[in-house]
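Several structures are given next for inspection.
You will see two complexes here that share chain A, one where it goes with chain B and one where it goes with chain C.
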Partner chain A sequence: MTMATKLQRRLILDIPTGFLLLFFVMPLTALVILSFWQTENYKIVYEWTLINYGTLATEGAYITFFLRSLAMAIGVSIALVILSWPIAYFIVRYGGRYRIVFSLLLVIPFLSGEVLRLIALQGMLGPAGLVNGALIRMGAAPLRMIMYSNTASFIAFIYLYLPLVVTTVYLSLINFDFRLAHAASACGANRFRIFTEVVWPLNLSGTIVGFMLAFIPTLSASLVPRFLGGPNGTLYGMSMAQQFGESGTWALGAAMGVVLFLFSVLALGILSFGVDLRRTGFTGLGRS
Partner chain B sequence: MSQSKFTRRSILAAGAVTALSVPFVRPSWAAPDTVRALMWEAYLLPDRVTAFEDTHKVKFVPSFFDGNSEAYNKLRVGGSKEFDLVQADGFWPQLYFRENLLRAVDYTKVPNASTYLPEFQPDTFKVLSDPASGKKIGFPFCWGAYGITYDAGKVPAEETETLECMFNPDYAGMLSTSSRFEENIALAALLVTDRMGTRTKPRPDGKPFNPYVLTDDELSEIEKLLVQQKNLLLTRYQDNPTLFQLLQSGAVVAATEFAQVFRQLLTAEAQGSAPVDFRHSLKMKEGGLGWVDTWLITSGVEDGPRFDMCNSFIDMMISPEVMKKIGEVAGCSTTVDLRAISSESERKLFLMDRSNEIADLFMFDQPSSPEKWERVWSNVQAA
Partner chain C sequence: MSQSGSYIRIDNVSRRYGSFKALDDVSLDIAKEEFIAILGPSGSGKSTLLRLIAGLDRPTEGRVHFEGKDVTELAPHKRGIGMVFQEFLLFPHRTVRENLAFPLRMRKEPKADVEERVEWVAGILSLSTMLDRYPSQLSGGQQQRVALGRGLVARPTLLLLDEPLANLDRELRQEMEIEIRRYQKQLGIPFIYVTHNQEEALSMSDRIAVINNGRLEALGERQAIYDYPETPFVARFVGKSSRFQGTVGPDGKVVRLARHNHEFALPTGSHLIAGDAVDIFVKNERFDIARKQDGGSGIPSTVVDVVLRGPFVEYVLETDRGDTVIAVKPKRNDAIPIQERVLLSWKPDDCHLFKAGT
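Right, the complex of A and B next:
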């Protein structure tokens, strides 16, 4: 190996490594350290303590926020997988030469900012919005459940993350060899069996990636509950953001961040271990 | 042992790097090319800012915040070097000054300071003086209260004379408060301490009653009250446009706010919106919260061109014509006397003849224990 090749290889590795160290590892380390300190009257008390973790483990409010977020993240991710599959399947099977156009259409919402999309949704689901405005004009009562509630947040999450999940399932399906489904059919398997024993398991990898892409941001979301959640819709991420913003209790916020990070890693680990990558058709492991 | 050598190539490279970096290195005595402000978004007037930029050949760089504690946190983590100007209200400027986040100001360098209403003249308005040194620490800007805006067609006016109005089950699902936790707790404190009769008893800080300095018992009662109120609220609004829509559509009949939305509603009505009898209660029988927004100069600004530029910007912002525009856009009362250039209805709408009432209101302040207040608020949100 020549000197120039060695240098090139080092540069290729060192630049992303340095970037990750600087913008991921260091902030995370700072967050971990801060979580073992305390804040008092907007000032950091530099004494090592586990009090923030104790608070999170014993105070009902933070446990409630976490459980609410967890339930929301699981519900949203499952709903998204259920919704995304038929859309992605339709595009792959029947999109023909317009498949790429359909898949690009999914990206359109990302051309505007998340806040803008949420404000638009707030207007649509609100008391004078498209849905309730129409109901009121027809003489019906407005739907209270979609106004400033967890249901409104749920709808917003689906709207925000649907393109991500559809795209990952689409990318998985587009690489799937549908001749396997035809072979199963030729062997007498019905459509349900083909789906559950051939199509679904061989695309599980992409589906799980889609699930995680919706699960993790929903678990940590702060903007959606803030704009749409209403008085009973505070989620873990929103409470965490409050610690760093209005209330200035940064150390507690840092501990909340560490807990969220560890839980996300754990969830990712559990889901990853639960999947036999070879069975899913994933080829990254090579041939043994 | 390695030995460094000055080669023609290394000298050329060093020269090129130096030449390239020159535009980014500015001597401290040079005229500033930016004015950086940490401010409330509602007070940004793009056309006036552009005119200021053109006149002074600087770029105005605004950053926005919502509550005082958020701005305070930003200043404490190096913000006094990152910003030249900052806004705050109530007693917060005094706290900033005590913590060396601000510098003293000079009223003689801001000619429009002579147009302040009597209540906001430097000799009268003591909130913007450092109690220890007597130095002036900022310039008053807009003032207001945190009262109740209501639809008088649905909520009788006499009911809004008390804070009980915001906790009345008759209006379940049609009430709203802002998402600012300090003001929600402080306003509930006025009702709770009135009910408990604890205002006249010795206070935790040994000073007269202040709704931002509360005992644990009072906080516990406030938490219960706010949990009850939560079930009556349609939402805690994040911004004024949302509250405007909620009130205008009739979804909300009473809300605590800074009277800004109230004025916007009346302006909209004058411009042709459906007439609704919106009114605003400035001070309830249990008391009210008040605020005076200010312009402050951070401790990172030293005497010289940057300080002069900050003074010029403040002078422009508190000039009567800009203040009048700010009042119209943000819907707030101004600390500058605009009566000579305002109509009778504007004098009434912007409380121009009621500025003396500011003295009866409890000024926005720092919570006695942010940690305890945060816990109360989290418990309310989780309940």
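Right, the complex of A and C next:
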């Protein structure tokens, strides 16, 4: 091997490795260490303790926030998968030459930034918003459930992550060989069996990726509940952000971060190791 | 109307895509226990015809009958067919065993029967040792056999084969040709075999339907299709042949070649009359070659190459007008050497004449 190619290989490997170490591993390590210390009066006490984790495991509010976040993340991700499949399927099957246009249209909301999108949604769902404003004008009672509630947060999460999940399922379906569906049909499978036996399992890995792309940010979300969650809508991530902000209890916040990290890893592990990739047609070799 | 003895009846079927006629008024009767090849170049409409029979597509006009029953509007999974695809289309997430069991499971057969049928089909296709592998772990030939097994396992009314050997190498293809024909005889159900490869059609089928530009160009016993082509297209497409142009002489008894100084007697019973311009097709193996020094008549040519093909020899000839003609002869010890001057001719009954422009 010549010096030049050796240098090339070093650069290709070392730059990303260095980047990951500096910006991913180091902050994570710092977070873990901080979670075993304490904060008193906005000062860090360098004393090893498990007290933060104890607080999180015993104090009712944190348990509620966590369970609420978990339920929200699972509900949102499942709803998104159910919503995204027909949309992606429609674009892939019937989009024809406009497929690329449709898939780009899906991404357009992303161009405006999360805060802006949430403020727009607040305008839609709030007490004087578009929906309730119209209802009041028509003499009907406003929908309380969409004003500053967990339902409002749920709608917001769906709105925020739908493009991500649709795009992921779309990418999976666009690479799916629909002639396999013809083969199944010739083998005597009706539409339902074609879907359950062939189309769904062969797009499961893509669907799982979509699920995770919605699950992880929902689990740790702080902006959505702050803008739309209302008094009973505090989620774990929002509470965590408060520890680093208003309350100045960084160590407790760090412990919450560690909990979120571990649960995301756990969810990823369950979904990727609980599914036999071979049963999704995944060979690790691409399509042959 | 269609209560004849035919098992599969395709009745004046057309398929249009917009203004494009993929299939134009095709009728075809297929008997039980018959092996029929649908032969045509790519884009001729032969695959469309197969898809209409399978139910994967619907005809714009015409009907399809199975055993006297109109199935035109019936979904593929209700037709009781088996199908083998060019790309195999095995389910990549299922083992060989599960692929073979799939059609049986879809027909809700009892578990014991499923296992028995899978064992049976794996037995006749020599797949018993690889039942627990995934398709990606098999060679092309093995995948092909699994695809064939999946088509046959559920006792289909008929088996549709869409260029099933196109992705295999030559040697394997010839082996599979014999195998497939044997299965068909063994099972006694019609096989409808779509191919663009005339050798496959000739080696396997009982009858051949030649499709060109969406129309049924010819239909007949394979021997008849080969020896007595009804149209210039069939003459050109089935078998390997060379084309010449000529005119019928003023006496109406000879055909004179346009580019070469050669003439031969017009076969008796020909409809051609004096002055007709004709296209002449001669199959490569029907040529006579004589050494020029031995005298006689024919197109003066030179042997430019001799290709040995086992029991046959291909003589690559160049006529004095610069055309290349290939003549196939049985291999004998007195092969004509390269650079030898020869005369190329054929017996009047060994060529096929068509009025030019038909």
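Note that the second predicted complex is superposed on the first by the 283 of 288 C-alpha atoms of A that agree within 3 Å, B and C clash if a C-alpha of one lies under 4 Å from a C-alpha of the other, contacts with A are read in each partner's own complex, and residues count from 1 in each chain.
Just so it is clear, a residue touches a chain if its C-beta (ideal position, glycine included) is under 8 Å from a C-beta of that chain, and two chains touch if they have at least 3 such contacts.
Predicted, not measured: the structure shown is a model, and the values here were computed from it.
> Should the superposition on chain A be reported as showing a clash between chain B and chain C, or a fit?
fit
> Name the chain, either chain B or chain C, that contacts more residues of chain A.
B
> For A:F227, decide between first (touching chain B), second (touching chain C), both and neither.
first
> Can A:A61 be said to touch chain B (first), chain C (second), both, or neither?
First partner only.
> Report, please, how wide the angle is at the C-alpha centre of chain A between chain B and chain C, in steps of 10 degrees.
Vertex chain A, arms to chain B and chain C: 150 degrees.
> Quick one: classify A:R117 as touching chain B (first), chain C (second), both or neither.
In the superposition, A:R117 contacts neither chain B nor chain C.
> One more residue to check, A:A128. First (chain B), second (chain C), both or neither?
Touch partner of A:A128: chain B, not chain C.
> Of the partners chain B and chain C, which touch A:Q243 in the superposed model: first, second, both, neither?
first
> Let me test your reading of the model: by the given contact rule, A:N41 touches which partner, first (chain B), second (chain C), both or neither?
Only chain B is touched by A:N41; chain C is not.
> Once superposed, minimum distance in angstrom between C-alpha atoms of chain B and those of chain C?
Chain B and chain C, overlaid via chain A, are at closest 46 Å apart by C-alpha.
> Spell out the residues on chain B that touch chain A in their complex, using ranges where they run on.
66-67, 69-70, 72-73, 76, 173, 179-182, 230-231, 233-236, 238, 242, 245-246, 248-249, 251, 366, 369-371, 373-375, 377-379, 381-382
> Show me the residue ranges of chain A that touch chain C in the complex, using the header's touch definition.
Going through chain A, the ones touching chain C are 177, 179-180, 182-190, 193, 197-198, 201-202, 278-281, 283, 285, 288.
> Of all residues in chain A, which touch chain B in the complex?
My answer: residues 39-43, 59-62, 64-65, 122-123, 126-128, 144, 147-148, 226-227, 230-232, 234, 239, 242-250, 252.
> Applying the document's contact rule, which stretches of chain C touch chain A when the two form their complex?
Touch list, chain C to chain A: 54-56, 75-77, 80-83, 85, 87, 89-93, 102-103, 106-107, 134, 136, 150-151, 154, 160.
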